[in-house]
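You will see two complexes here that share chain A, one where it goes with chain B and one where it goes with chain C.
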Partner chain A sequence: MTERRIRVLVAKPGLDGHDRGAKVIARALRDAGMEVIYTGLRQTPEQIATAAVQEDVDVVALSLLSGAHNHLFPKVVQLLKEKGMDDVLVVGGGVIPDSDIPFLKENGVSEIFTPGTPTSTVIEFIKNNVKKAVS
Partner chain B sequence: MFDREKTKRIAAAKETWEKGMVAKTLAKNKERFEEFVNTSGIKIDRLYTPADLADFDYESSLGFPGEYPFTRGVQPTMYRGRFWTMRQYAGFATAEESNKRYKYLLEQGQTGLSVAFDLPTQIGYDSDDEIAQGEIGKVGVAIDSLADMETLFNGIPLDKVSTSMTINAPASILLAMYIAVAEKQGVPAEKLNGTIQNDILKEYAARGTYIFPPEPSMRLITNIFEFCSKNVPNWNTISISGYHIREAGSTAAQEIAFTLADGIAYVEAAIKAGMNVDDFAGRLSFFFNAYNDLFEEVAKFRAARRLWAKIMKERFKAKDPRSMMLRFHTQTGGSTLTAQQPDNNIIRVTIQTLAAVLGGTQSLHTNSKDEALCLPTEDSVRIALRTQQIVAYESGVCDTVDPLAGSYYVESLTNALEKKAMEYIEKIDSLGGAVKAIEQGYIQKEIADSSYAYQKEIESGKRVVVGLNKFQIKEKPVEDLLRVDPAVGEMQIKKLKAMKASRDNLAVKAKLDDLRQAAKGDSNLMPYILDAVRVYATEGEICDVLREVFGEYRPVEIL
Partner chain C sequence: MELTERARLGDQRAIARLISLAENEEPEAGEALKLMYPHTGKAHLVGITGPPGSGKSTLVDKLAKELRKRQKTVGILAVDPTSPFTGGAILGDRVRMSDLNLDPGVYIRSMGTRGRLGGLAKATHFAAKILDACGFDYIFIETVGVGQSEVDIVKTADTTIVVTVPGLGDDIQAIKAGILEIGDIFVVNKADRDGANRVVIELEMMLELNPQKSQWDFPILMTVAPQNKGIAETVDRILKHYDYLLASGDLFRRRRDRIRTEIVDLVTQQLLARIVQKLEGEERFETELDRVFNKENDPYTLVQTILEETLR
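On to the complex of A and B.
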């Protein structure tokens, strides 16, 4: 069987410019042996979904600190589905109040990582929950 | 600073002490770390003595407050005269809501306003733009036109307050709106006091709210310098910001270096545009972070002041002492706050406040304890303001100027930080200056490396963050968070539509056409922007015209 590494798209939806977290996560996932593509800032949900298809990723990791997560995260999930990517794992992180997490989970985001989460927790979660058969 | 023979004796005595008493103690009890190193990578010695300052010259290195090289402060009496300006960054939802918060803060004893704009406003989009949806009023107040600005400052006399606006790429437009509101209040522009951030270089490097490419952005900035030197003489035309560079993960030394390198680029651009250095340099202001390492931070502020004074005097041949003064605002470090046990953040902010005050800040924003979770509530903002007031009125640290001067440790650290920052500035010079260094991704890469190293120290437990990787407790979810009503977006769009229907649309078109023509040439754009704003052209409309002429910035992504 050929081994394939987990492919992750780290994406910054919306207008938020805080990318410290996204960059730290991207590096940590790469150091954990994953292939990481970083979109850069100011991506629309459409651009993120298109990139996910083109790069054929297993995971989309969304980072947002502006408070627009309830608007933007579900849109990304919906567009991924429309593009036939039902089996992609979507996770999110940022300044997100606990009370918003159930809504985001109902809308297809598998896990939300809030400030202070060790990168090892994110890596473990992705390894255990990636939906496509990777290796 | 000290007698040479004496420092030699002290150095020898220190060696004896280390070989004797210290070695004996170490044999029994090791120190907490093999090596103590601060965030800037400077090794911290066990003990500092006069021997560390053997070559130190008081007159040239420190001097007196209000005098070159300003190490001890920019004013002769500092906080014995008056305290720093207590200025809490605030703004959310609509202009009406934010206006209420400003009046509340002024009633609570705050002495200056600081306006936070929402992201669409910061990036030049009106609230009805598709890309603005979900972001309206979230991280600051939504301002589409002069009408919103009139509401924002309703009942606040602009000749009596000083207002700082965190606005960068569209700074000229928001400044024009502020001038236009003042006109309506009967306050002439020359009576206005305040600051616009207007620092595009750190947007490319660390904060992300850029619009146009570097060249036209630098033109807009120098246009503002020139316009204000003639029309708004008391306005701080730029706030050259290390704050966001630090928040993005840099070290203290990098914060000084990258900020001053940006400052050098602005001075060079203005001189290239034909201005005389002493005509604008006195209105340049700075903005720094305050982290938890108290002495490193105090040394950082002192080193930055001394280094900038030297740069202005030696490199740019400034003559006016005001041109050499590094005046700065401080904000406590947002990224040092934890979402875990948020009450602990009050103590962190207290230490950071002390750092800023002992470092001689001109104004200060203290973060609220709940900012790792959401925008602050009114109660938590009040505690943050009270923290400043307690340090000011009760701690006694304001009763003498620069109280830590002469500390063997603080002076040694100040020297070390200045040296390290200067090395970075020389590297940036060799790359062709800050603009080139950013275009090549050098500064972004340096910041990302430091931020990743910091994160790894936390995860390995080498760096303890109380409540996060040590002393954790099982926590209940925090309640009473501030939430921006999702209806704010719809309300704002409705207001915008009504405004557009009631204004003189022919006049708007004419003024926007004038601006387009001017942008294609090389005249100062401020008067054209002011004319467009006065007839209620929206921020998005003005930015669209400029986007059309200037194009948009496309970043290099450095991981």
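On to the complex of A and C.
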């Protein structure tokens, strides 16, 4: 019996071209024993939701530095729900003002990690909050 | 089972769930595969293998787009290595395939090797069966970046494409045993680089030395995948190879051999798992270990005794 692994889609919605943060997170999650599906830059919410479905991920981790998070993050959440992925954990990261965080949480993003968050915090959060039965 | 029915109707979420069940070796996966098996055998399974960075993912992306132009549906299984130290993996093949994403006639799945060393994951074979039963016309299986001896792909694919690039080494590389023996089609990708012609010549020489005469002509194609050069020709050859396999009877021989291998592999694995499980649970095993350690018995006699007892 192999161990059930946590599968995470690390995605960058929108138009900014900076994926260093996303790569750092991807690497940290890999080192924590997770399978990280990395999709690259400039993904539309539709592309992200479709990839999440095809890859049957447990977690969608969104990284965004362009300022469009209030639009794009809820859109991803909505599309995931429409595609029947209501058990997937959605987290976000990037340059996101504190004042926007309550809005994002109301719209289905479980946690927001701002610059300076230790990767261990992200890993712990994911391990503690993955919604599907992961043993 | 409802999940298999939904998958066969093309529900990508159901297909994805089934593949996860197989990857995680859940008992439901075995039941699902039993239901799917009668519907397999219609797809053309195409393996893509070659060294890391040779452009396998980009090539798969372009080949899939070409097949879509020809109104065919495509499933893609892309395998990347799992860390032997942490069990984690970065599966990055989708980066090269992002605009295939929204095409409903394409399904892409990334898989970590999860401890397998032959270039594929243990569940890749099952995933291919699932996609086959779900009606995809073509299934591309992209192996991890391989060195010289990861040849599991031939146990799954009908047609194997070996991708190489200029600049990897001299002509002795081409006559070594291993992946070059498994290609039905050879692709020299990044053929706009210096040395591409030389690689083609070396491959031709290697193939001429092949003592096994075959009606198949083992084509060597030059491609520059990002510019779509050589892609339509490669697809033509993939289709032609399938015609050859059908006409020569090789398809049936290969597939029958594959079933044999699969059954033997599964029996071996399950027997192994059972024996190991039984041993680990037995206190007597520890006592026997001590006896071997103290030279009162030897490992080989003990192995014989264990096998005789288990298989009785």
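Note that in this section the second predicted complex is superposed on the first by the 133 of 135 C-alpha atoms of A that agree within 3 Å, B and C clash if a C-alpha of one lies under 4 Å from a C-alpha of the other, contacts with A are read in each partner's own complex, and residues count from 1 in each chain.
Throughout what follows, a contact is a pair of C-beta atoms (placed from the backbone, for glycine too) under 8 Å apart; a residue touches a chain by one contact, two chains touch by 3 or more.
Please read all numbers here as calculations on a predicted model, not as lab measurements.
By the touch criterion stated above, A:R20 is placed in contact with chain B alone, chain C being left untouched.
Residue contacts after overlaying the shared chain place A:R5 against chain C, while chain B stays out of touching range.
Of the two partner chains placed by the overlay, only chain B lies in contact with A:S120; chain C stays clear of it.
Contacts of A:V91 after superposition: neither chain B nor chain C is touched. When the two complexes are overlaid on their common chain A, residue A:I112 makes contact with neither chain B nor chain C.
Once the two complexes are laid over each other on the shared chain, residue contacts for A:V59 go to neither chain B nor chain C. By the touch criterion defined above, A:Y38 lies against chain B and chain C together after alignment on the C-alpha atoms of chain A.
Once chain A of one complex is fitted onto chain A of the other, the partner contacts of A:G67 are limited to chain B, with no touch recorded for chain C. Comparing the two interfaces of chain A, the one with chain B and the one with chain C have residues 26-27, 30, 36, 38-40 in common. The touching residues of chain B, when paired with chain A in their complex, are 119-120, 122-123, 125, 131-135, 138-139, 203, 207-209, 247-249, 335, 338-340, 372-375, 448, 451-452, 455, 458-459, 468-469, 477-478, 481, 483-484, 486, 555, 557, 559. Residues 1-5, 7, 26-27, 29-40, 43, 46-47, 50-51, 53-56, 83-85 of chain A are the ones touching chain C in the complex. The touching residues of chain A, when paired with chain B in their complex, are 14-20, 23-24, 26-28, 30, 36, 38-42, 44, 66-68, 70-72, 95, 97-99, 114-116, 118-120.
For chain C in complex with chain A, the touching residues are 12-13, 15-17, 19-20, 23-25, 82-83, 86-92, 94-95, 98, 101-102, 107-110, 112, 114-115, 122.
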